[in-house]
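Each of the next two complexes has chain A plus one other chain: chain B in the first, chain C in the second.
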Partner chain A sequence: MPFTKESVEEIASLHEEPDWLRKRRREAFEVYERLALPSKIDEEWRRVDFKGLKLDEFRAFEEPNGAAPGVPIDGAAGVLRQRGSAPGKVDLDPELAAKGVVFLPLSQGAKEHRELVEKRLFSEVRPDRDKFAAVHAALFSGGTLLYVPDFVEIEQPLVGQYWSSGGGAAVLPHTLIVAGKGAKFNYLDEFLSPSLDQPALTSGSAEIFLGEGAQVGYVALQKWGRHAYQFANQRVHVGKEATARLFNVTLGARFAKVRVEANLQGPGGMAELKGIYFASDDQFFDFHTLQDHQVGQTTSDLLFKGALRDTARTVYAGLIRIEKDSARSDAYQANRNLLLSKQAKAYSIPMLEIINNDVRCTHGATVGPIDPEHLFYLASRGIPKAVAQRMIVQGFFGEVADRIPFEQARRLVAEELEARLG
Partner chain B sequence: MAVVPKINVGDDYREKYGFFDPEKFTFKAKRGLTPEVVKEISWMKSEPEWMTKFRLRSLEIFRKKPMPNWGADLSHIDFENIFYFLRASEKPGKTWDEVPADVKRTFDRLGIPEAERKFLAGVSAQYESEVVYHSLHKELSDKGVIFLDTDSGLREHPELFKEYFGTVIPPADNKFSALNSAVWSGGSFIYVPKGVRVDIPLQAYFRINAENMGQFERTLIICDEGSFVHYIEGCTAPMYTTDSLHSAVVEIIVKKGARCRYTTIQNWSTNVYNLVTKRAVAYADATMEWVDGNLGSQVTMKYPSVYMMEPGAKGDVLSVAFAGKGQHQDAGAKMVHVAPNTTSTITSKSISKAGGRTTYRGLVKVYPQAENCKSFVKCDALLLDAESRSDTYPYNEVEAENVTLGHEATVSKVSDEQLFYLMSRGIPLAEAETMIVNGFIEPFTKELPLEYAVELNRLIQLEMEGSVG
Partner chain C sequence: MADLEIRDLRVSVEGREILKGVSLDVSKGEVHAVMGPNGSGKSTLSQTLLGHPGYKVEGGRVRFKGQDILELTPDARSRLGLFLALQYPIVVPGITMNNFLRTALNAHRGYDGKDKSKSVSPKEFRTLVEPYLETLRIDRTFLSRYINEGFSGGEKKRAEILQMAVLQPEMAVLDETDSGLDIDSIKYVSEAINKMRGPELGVLMITHYTRILQFIKPDYVHVMVAGQVVESGGAEVADRLEREGYAQWGEEVA
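Then we have the complex of A and B:
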């Protein structure tokens, strides 16, 4: 069934969603119908080419089939597994449940914890942002609600695994994370699918809310198959004295258009936005990042590093925005691109908009091949060129991979990168 | 007719800069832009037919092109309320004695005769749309260097002119280059023959001095193989009560092994829209350097660019922008690497004060065949108070292998430590701040000829007055 009003009703019924959520889907679908596809006249979409994508040819959801998703993560405190568009299944450490931690499929969370979900869902990732955000809000295929109450600390990470196995459908998971005052935990979202012939429309959007003094690590590991077109918005709302560490790893999909945004709303708030991408063959990745310092005494630190080979193309465009009254803010932004082939193309656009003078803002961008001197040095130590190249790329990613908030994700990303380097 | 908002450029403007002369023209075209006005301009200048056609075609393009929907706010420009052509005196003056006295007085204040006595080769001083004074050192003419106003260039060297005119910036490049192509008047035409080095800078002063008068000068510089020239363009403008438009086009061709430096100090009064297209093409082993200072105007949109067409070409932009109250300096640079083994650097320094806004907007583009290129961009911004704003929009588009591209930018305020240090030495706050600002732009000032550096420091001092305390 393509994207219609009926498919909106059907997916709401499939997840047995409450009426208010069903209504919200309907509203988002109206926005979807109203909005035109972004055009190349919009600066943000100027370098984006989704010619092969035909939105009206996708089925609105996907029956679960195929193998179970992903490798289990050692010692996870909670795991949610979702296949296709069916509601996910949750395992949560009973001790945590006893402490009031809520970890549920989003639809169930909406029913049982309306007070947590209603006012937050799609308030940071708004459906009217563009047509793809609208279709995500209208037809999101479940997802996760994680709520960690005030002052609860969770040592082991919580994990969401989303598995898609059918081409030709839309698979649009949504993660909603709410951290109470002083809560401390880490979360991993993993998006997986084999490469299929038919294109798929995917997302992997997240809204993360940090209460006063909360400390949250969030890792999104995207390994959709090469048939996927991904449009995702990951946005964190940082309260007073809170620290958010977002880590985006983009490896899969034929096409990925991802926004990673920090909305700094409380003094003392800190957002660390880090990213790794590896693009090969004809992959196209577009990252738009935003460090929005809405109040003063806030800090943000961004580093996105990418390697490209074959005919891959990537765009990085990041903006640091310091509002008029956001004095004593500190922002850093850097994008580094390593070109491993002649045909690979990397665009890098680090932008600043500063409306207060009592701040410190720096940014930098580089695009370049492997430094021949580095290769020469390693070759002079008897290391063959292919191995040397690999070592250099690993070293290049190492600087940022070390900042992945927790061990399990660090190991997982290292394994993935190793597999990609071959 | 649209209502043009009054802009207060400060009651003390006349005392500060002191350039204001009563209007006195021999010919003043009608306001507004029609094919008739364009034909009349061309007829007044007795131009060849191809130029008249070129102007009319450009007017068509201008009408079709939309206004840019990015960059600064241009919505207050009223194209129908502008004089597109003025001529202050009948003929270009050949010697200083022939220049009218009131024009001279203005130039005196700018220090031209002084500078000329010292070491200037030729002065092409533009007063109202057309060149009124022009002198060229005999030594240079003997070497075959052509330094004329652009109208004379078209008359006296029609073939050379036609070969290059409009080849670097075609009328259809953007709305304002189309406008300039339709109504251009004045500017400089320079040709430096093979292997000739012009050791002393060539200068021209541009002035606009009539209410609501646009100035559309057109400069064409051709540096033949192995030659060198340094051209200096300085602008100052007296105060006006309504918006003025300045939209110049500068085309430069730097051939094999040649080097060209183009220095600008723009200090229009703060109600001028300064929308300028400047572009150079650099061939094998050629070097093009833009040194660009933007202090005045209400809105500046200017992105000097270098197209590196053959291996070994080098592009360099060094720019400074100062935005005070109500000003928006949207300036930057474009480096287009078309050929392999080319290098470019952009250094941008900007200062915002009293609610002013500076924007760096730049592009580094490396085409797929342009391997082994290097480009480095550095932008530093200084915000002097909490009302001001600074933006940085650097576009880096790399499509070739083995390219090294770097970009760095910082935004900061005048550091408290530096102020404390200077004040502990007994220097008052205002003076200390001025010293720090002058130090901040020193990499720029030190590239200027001495008298310009002195003038720039003085201008910064004037701008900084009353900024603290």
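Then we have the complex of A and C:
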């Protein structure tokens, strides 16, 4: 069944949304109807193959069913757990609530904290970016609002967990994070579902706003089942002297098209964009990253590392953009790919767009198999080949996994990788 | 019968024959030095003994402890008790020395992640490593660093000998362990090797220079030129080399 205006109204009612938000959804739906599917003529979509994806086949939302797994980490300061497209259930440390921390399902947040949500929602991840961003904005189901007031520091991480078990539906959570001046905290989004027969349309988009001097770590761990098509946009707005550390882990879904972007808007702002992907069987992942230095004296540091097995294919394309007035900016970008089979294919396309010369910019890309000298070295010490290979892949990921902003997520990702490397 | 028997070994690299029939016998308790000029095939010999995939055996055989090892994978050769200290130890990113050494030692013990009783305990690991960290003047923080990453040339070579100390091989091939080392490092490395020397260890020391032989006294010295052993004898062969260099064999072999 195709998505309709009625489905937009239905989901807005289901979440009891205020009129302004309902109106936003309607507008986004008009964009969705107007836009064609991206074509291969467009450079960004040239290598993207969404064979088998039929947008007409999805129900607009998913009734919650199935038993969701437990909270992935211990000791979280706040947890939001969402099943299917229904609003999530929140558990927040009362001390934080007393300090003014807001942690709510997004629709409820929109109703109760219009001042936080209205001007920010879909301002960084714009519905007119493409047809998939439009459908996400029109039919986003659930999601999170996290607001941390000025100078509030949260020691333990907060967690959003999105569980889907239906198949055949659109499950489109949206995370909106607002960090006040000098706020400090870490956040983990976990997206997961079992592998099902019927395809699903999923997202896992995020807009993150950092006020002056804020320090925020955000980890997105994507473990959608192999039936899912994922289209996600994760974008951070970095204010003056603020530090954002985004870490994207893409493991699941049959198809994932993910944008990770930093919008550096304040001098002294710093964005660290790191990512890990491990693709096997016939998975297809596409990452487009952007380090957008809108003002000077900003820093960005990007490293995406992927390993591919079987007949998996990945695309990485990263752009560093330094505007005319953005002197004394410093940008680094690297993408490394490890091919674990002869049939796996990785494309890596680094790009620079530098309009100011008073900057420091480095980028690099590599695609290749495990270095046979590394294997020989480990083997010469008695380590069997299969073990050596696993160690080398873990080591390859370890170099970037060390940059996961907080310990619990580091452990979680390490365990996840270990299980998948087998 | 020697513990390591190399017979008429012929090896090619990228279609070019490098070893043209090398025979050597090395037994436990002995230290052999194989000396030769650049390009004589010394490193080809050492890499072939451990089964580096870039070297193709064209003929001959190698037996270690009575077993034909040319058919064995490099890891199986290592577990049989053969060790190679690389001429150019490589950096392996993301794997700590600690993890590397423990995994190697566990592999030697036959621990495959299941039978915990076979795995090396942290305490046992420490007792193996600590004395050699001291002898080799390696700071213990090196163990938490990635394999050879950021190590100086001398530190890399010393780390090779540390690996040897942990794995306790029966036959160690040291491929130009002395090359590029400052005199202090040579002393530390020699001290560590001399400490390991004994009836349970055979050493095949491959070197270009006689310098290290002042610190590690060989029982036998072989001269290799153009892929063949052209002379074998006792320590006096090295003394002659020290005086006369390799030129004397230039004519003979050409």
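Here are a few things to note about the model shown:
By definition in this document, the second predicted complex is superposed on the first by the 416 of 422 C-alpha atoms of A that agree within 3 Å, B and C clash if a C-alpha of one lies under 4 Å from a C-alpha of the other, contacts with A are read in each partner's own complex, and residues count from 1 in each chain.
The rule is short, and it goes like this: a contact is a pair of C-beta atoms (placed from the backbone, for glycine too) under 8 Å apart; a residue touches a chain by one contact, two chains touch by 3 or more.
As the structure is a prediction and not an experimental result, all values here were calculated from the model.
After superposition on chain A, the partners chain B and chain C are seen to fit next to each other with no clash.
When the shared chain is aligned, chain C comes close enough to touch A:E399, but chain B does not. By the document's definition of touching, of the two partners only chain C reaches A:Y377; chain B does not. Once chain A of one complex is fitted onto chain A of the other, the partner contacts of A:S39 are absent, as it touches neither chain B nor chain C. For the superposed model, the angle subtended at the Cα centre of chain A by chain B and chain C works out to 70 degrees in steps of 10.
Comparing chain B with chain C, more residues of chain A are touched by B. Of the two partner chains placed around the shared chain by superposition, chain B is the only one that A:T366 touches, whereas chain C remains out of contact. Look at A:M391: by the touch rule set out above, it reaches chain C but stays clear of chain B. Closest approach of chain B to chain C, taken over C-alpha atoms in the A-based superposition, is 12 Å.
Contacts of chain A with chain B, set against its contacts with chain C after fitting on chain A, share not one residue.
The part of chain C that touches chain A in the complex is made up of residues 50-54, 73-75, 77-79, 83-84, 86, 89-90, 92-95, 99-100, 103-104, 107-108, 146-147, 163, 167.
Residues 372-374, 376-385, 387-388, 391-392, 394-399 of chain A touch chain C in their complex. Residues of chain A touching chain B in their complex: 43, 324, 327, 337, 339, 341-369. By the touch criterion stated above, chain B contacts chain A in their complex at residues 70, 352, 368, 371, 381, 383-413.
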